[in-house]
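What follows is chain A paired twice: with chain B in the first complex and chain C in the second.
== the complex of A and B ==
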């Protein structure tokens, strides 16, 4: 029996179409699948077998069960904004798109929690509760379109996680479809510390390799009473780095502490949201303090003092919400702004101990010279999360490879000072070999052992997150 | 193998490690022979020995949580981390510290205070409890509201696996999503997956100023406490704790037998006073307010963290009074019902109960004292109340004999097969803390 309106003899496509209720909820023709051959990481591309659009948990479970029983590889996808290739169907997967599961199921302000479906867009949650003075804290730059399900998979961060933490710190409960199609609920009712190993913590950031999240209970917060934002221009990047260190050492926990270097400033000023930053400074800091109104002025004064002590050229406090919003729009669209000064760019996501900032920025500069590629730096300075943006032109033969090598070398520099290869973008396909910079074989096996508990057939999002085992052996075979 | 033989064999194999024969303990979770490794390498050697010789290991730090879970009176080896203590690395500017797991929690805090920094956790018995124990048992206190729990503070671990391998998870940076977040697996795992060797923690600055507002509700009317809490939580104040004490606990701590809200503020001084004034402005009728200065607040908390039984001080004294501690998790404001229920249970079950719970994080601690049957009856009733409200109750302290009659973890969750699968994958021979955790894992 064919699915309604389905024009293929592939029995799997027909069966999947029946599960999701017909042709309107499945894509399987090549021209339709092209849009799903990559996510925000565009270096690798691969066509999926099909894309299905379930409407509820039961449909997700039925699709997964079907794939499990027929040994079809599959993976989940949200908005496709991931930057490390986590949603790329490397093995011709059936993509389970969760964009139709986008309801805000409930909001409980008194107990400060909300329940959403995975396809619900991050910023919509805050927009739904802001009139009552509440918000959802994790704020990745793509928050206007990325989904909370995707945020859970990647343990997404954002500019304000210095004070408020990343996604994992805000997840209270998950309904999960396991790779065999079984549905489990962990952290029912969003009550903390459910007895047992912390599966919420394990699932969050597992990059869609342990299960598919179909319902999420998140913590919501009350808006801070007051907020002030400071913009500081430095002639020398070393002074800016030192100011960052001084602010933290003074016992302050700003809500955000962002840095951009000269190349990044050139790009954001050439793009859609210019602010009028001077182009001849080496670095700018965007600093936000929030909390009880009575305490803000004192902290702002202290920050201004520190900036001045560190030879700031100019430092100013946002005079109103419009100005603050302009500064943030300029920062949050920073990656995309690279398009204004370069045909292509590759963003990296290394993390370093804050105190190593000057040293590592220097090394990134050297890597840039070595490869003859410009590297812009836009990053969360407060928590040491660097985003070197390697600028290149994919049309020029060999330049993509050069850019990838330069990016990898930046991560090596981060790892060498005791840092990590990714702070918020995830490993995905992009950084799986770089996992070896920070973990040995035994430590990687310890992780894949956990994957085997959840995903023993490894049909769910295979080939991501971990380096290819026994690479040498495979190379020999080839 | 007889105890003396085991001790002799361990002494012969590991001449550098202190080995002692042990007596049984009323709280169980002991070993025939105690060993006191002083290095990660020594821990690893002992675990390898156990792995190769089919021996079982119980793990102990300061012993404060010896009565928390566990059905085994005496494993082969009691591995004590008491002599494995000290700071490995403190990156002052990065606000990150790495410590050996046997370091007493308070010792670490005292050291960090010199740098105006702290670990943002407030566990019970900090002078005795070790960092490793606090993390392994996922201990938290009232200030969890402001600062989160162990899962929010721990950024890296070195863990000795049941075959003696050392596995690193996380790292030394405050933001990290490389690979699975394996730290989370070990936090709260009660030592059933590995022995924590080194713990890396992100630090917070010490607050510039702090105070504690005690708001006592004279009438005992739960609804009026609820309306105050809802109004206060809907404001933009930023309390680090909003902990309700039941009347008997309030009487012990501040001499007033009335439901009392402990509202803590930690911020710059002007912000703290501003928030105190806010509470005074919305003070409900029939309540009294006391505002504790920084010194008074600190002294209050020091006493507070010692209200429960300390497993390290327990002795077999023929005393028929049993002490139990129950941790109850419910939806935030349901804490009010749990506290009221525990108040009522005192008469129903003929027990003494002290209790507190966080109205904005949903966790309660209930301390029960009485005859054995009365205490277990009270635990069962409290659990029934929690479960009725879709929460849970875990018994955190109880003598071994009673732990064998009551499931301290409250049964298995529906996804128990995943927990068991993880345990079996990592510790197939159940060498470490066998039967200490949920569902006997």
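== the complex of A and C ==
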């Protein structure tokens, strides 16, 4: 598209350009780098030193080796849809973009697994195998564009992880470039419990601080024989929460059990995929059950019964695939839809015991009032994974800080009832201070010690996941 | 092209003020980027992101850069211009966006700023001026160009050029274009110059006006003829206002919003006495429907543009909504359908053309994956960015099913590009306009089996 050649005297840029094969695979001018100053978490912005686009594992390893030898900070990036800032170049990193490594390497239906490159988009895997009756279960809302490499880094969840588990439950093997440029393979071809430490479990969800994944073997599943989806409108959020508890305690495990509150409904109805939800309800539930055909109808009947007992205003079952798809598009684009009612938003990712839902939602309401900022709630109610969306306007002085403080208080409320500060979005930059709600200093040091084994120079994605070391160092000395 | 101090005019030229480093008249609308929360749901919809994997060539990246200029973080310079002009303006991101961010509208507004800040120079300026200002807005010149092409084809010059390989002195993409030039015939605007109303067959149910378009009428006047036949067959009197002009889409895409406004005004006036304006070119239809955007700062013309845009409809949707006669003749053909960007993403028209095609007896519709993915034509993008347009076309052709005879669509730019795709990628499909297929069926029914 643009003029040929590398126009800079920076020897690092020239060396990196040589590794990836020239100017079409490296960005280093401010105008281009600006597009990489943040990911889906827009509160912090930093320019990278460069963005490189390797084509294969060897190029990734060569880039990493170069950075390691020259003490250049670096990090990996996929589609940049992360919500906690995991791909933001806090230290002016060299960004290693993996989006050009986007091949589906192989599909092995007999053994129910597929091998993909890290830049392969989540939904494309399901789309590539659905005609043969298979799918890939983890379905983060950004699955239309997020990469499986990014999903591994963040241990991404999704609406259906209530029944099917998060990314880590679907990873069978990884090829990883370690922070010194060494290439290793972990995972034993799908052996459920390989001898030795569970390194797959450690790497998955390490938020890009232990290594860069360059090849991923994932589990694929057979499409469920039957699937039914229910939409229920509640006048009171307490009734909706109680219905969620009732469904779970009745022994059912729906594939998905999602809730949206009134502010969230206002946003999705003002955005691109409206369904026609009533504006005056306090909450809606989107419930999906799947599995073998026998028993589905009974489960749906039981769910309808519970909803009615909990004073549901209206409850309906999707009549066809189009209707179901519409409901899900409305739900899955919920975060982006906030743009329709607010210039900026900040999404939190707390987890609480289901029984505490009404109580914590009440507290979130109070936090909203305290800061004078609206908070919408879209969440995976079934597993108590809350997503309070703090709406704000970054252009208004002081409002970003207020939003951050409000978000932090929401997490504190979750931690206080015995919950956690993240369910699926990762800690990143956003919640690293909030890690102190969960871990004491010794526990944090124990974990950074593990990081140091893999990443001793701390050049790879430094400053993420754990609180800034200041206080920890003091403890160490003490 | 390097940027010199003297190239930059000292702005602002006129009110209303400036916006960061946007200093010129007709400022971009900040509300458009305020809706973007950087979620990234647009990435996979974008053909240039698909090709490059680079976020400055993605919708959210472009929005981010355009906003950065307004925030004063970035200046309007060569490196900013590149991603903004590399956008195909295909609007696929608008469909994908959860918050309805009007990326296409923003791109056009910012291109307006760019072209005022850094006017084109040299060869590019000459070509742009010659075609956009010198030819398209002037029907007689356009027709003259058509006659030249016709002469080139009929005189044996085309054969000679091809035979002597003289054709190879042209840049490859222009030579490719030459190869797929349709046979030029008489523009309908000329043909019906002295006809006030082309009467409906049978009882008149509606009176509609036809936008003849510029490329359409010169390159594809047979499609305009087919459109008129289909309309009259279905009870429509057709008028062709003679003072209508080019819709201005190419100008607005190129950042020449001033000429765009002049053309818009002329069309608004040309069609003021009709209730319906029928368009058979998706790019033109979308532009006409978006005229109000050009007059955001001019309340008087804004209102006129609003009123005008409500009268505009694409031929396929018009036929579908008002009813059309299902042809009785069998066509016996397997076809696939390509969504023109400015029909699907620009106007939300997807099902209507498919419904019309499926209703023709003997037409078997074969599904095309990613049918609403841009073909790379994008106005004159295939001339300004041949490399990217070629890559986008290649992806498109990979999705065209092997076993079909025809590829149907609703936009002349796509037709030329897809015809080029067929040629370059060794395929054997014919490219047709949706309305042509309906016309053929009617013709066959009437015993005139003339597939032009």
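Please note the rule applied: the second predicted complex is superposed on the first by the 463 of 478 C-alpha atoms of A that agree within 3 Å, B and C clash if a C-alpha of one lies under 4 Å from a C-alpha of the other, contacts with A are read in each partner's own complex, and residues count from 1 in each chain.
In this section, a residue touches a chain if its C-beta (ideal position, glycine included) is under 8 Å from a C-beta of that chain, and two chains touch if they have at least 3 such contacts.
Computed from a predicted structure; not experimentally measured.
Look at A:92: by the touch rule set out above, it reaches neither chain B nor chain C. More residues of chain A are in touch with B than with the other of chain B and chain C. Of the two partner chains placed by superposition, A:21 touches none, neither chain B nor chain C.
In the overlay built on the shared chain, the residue A:202 is in contact with chain B alone; chain C does not reach it. After overlaying the two complexes on the shared chain, residue contacts for A:35 are found with chain C alone; chain B is out of touch.
In the superposition on chain A, A:181 makes contact with neither chain B nor chain C.
Once the two complexes are laid over each other on the shared chain, residue contacts for A:358 go to neither chain B nor chain C. Legend: residue contacts after superposition of the two complexes on their common chain; A:274 is shown touching neither chain B nor chain C.
Chain A has no residue lying at the interface with chain B in one structure and with chain C in the other.
Taken together, the chain A residues at the contact with chain B in this complex read 108-112, 133, 154-155, 157, 161, 165-166, 168-169, 184-186, 188-202, 204-206, 210, 222-225, 245, 248-249, 251-253, 291-295, 298-299, 351-355, 380, 383-385, 418-427, 431, 435, 438-439, 442-444, 446-447, 449-454, 465-466.
Of all the residues in chain C, the ones that touch chain A in their complex are 34-44, 52-58, 61, 64-65, 68, 73-74, 77-80, 82-83, 86, 95-101, 385, 387-388. Per the touch definition, chain B reaches chain A in the complex via residues 91-96, 116, 138, 140, 148-149, 151-152, 161, 165, 167-169, 171-185, 187-189, 193, 204-206, 208, 230, 233-238, 267-268, 270-271, 273-275, 327, 329-333, 360-363, 390-392, 394, 409-410, 413-416, 418-419, 421-422, 425-426, 437-438.
Interface residues of chain A facing chain C in the complex, by the touch rule stated above, are 1-2, 27, 29-32, 34-36, 38-40, 42, 51, 53, 79-81, 97, 99-100, 102, 119, 121, 142, 144-146, 271-273, 333-340, 343-345.
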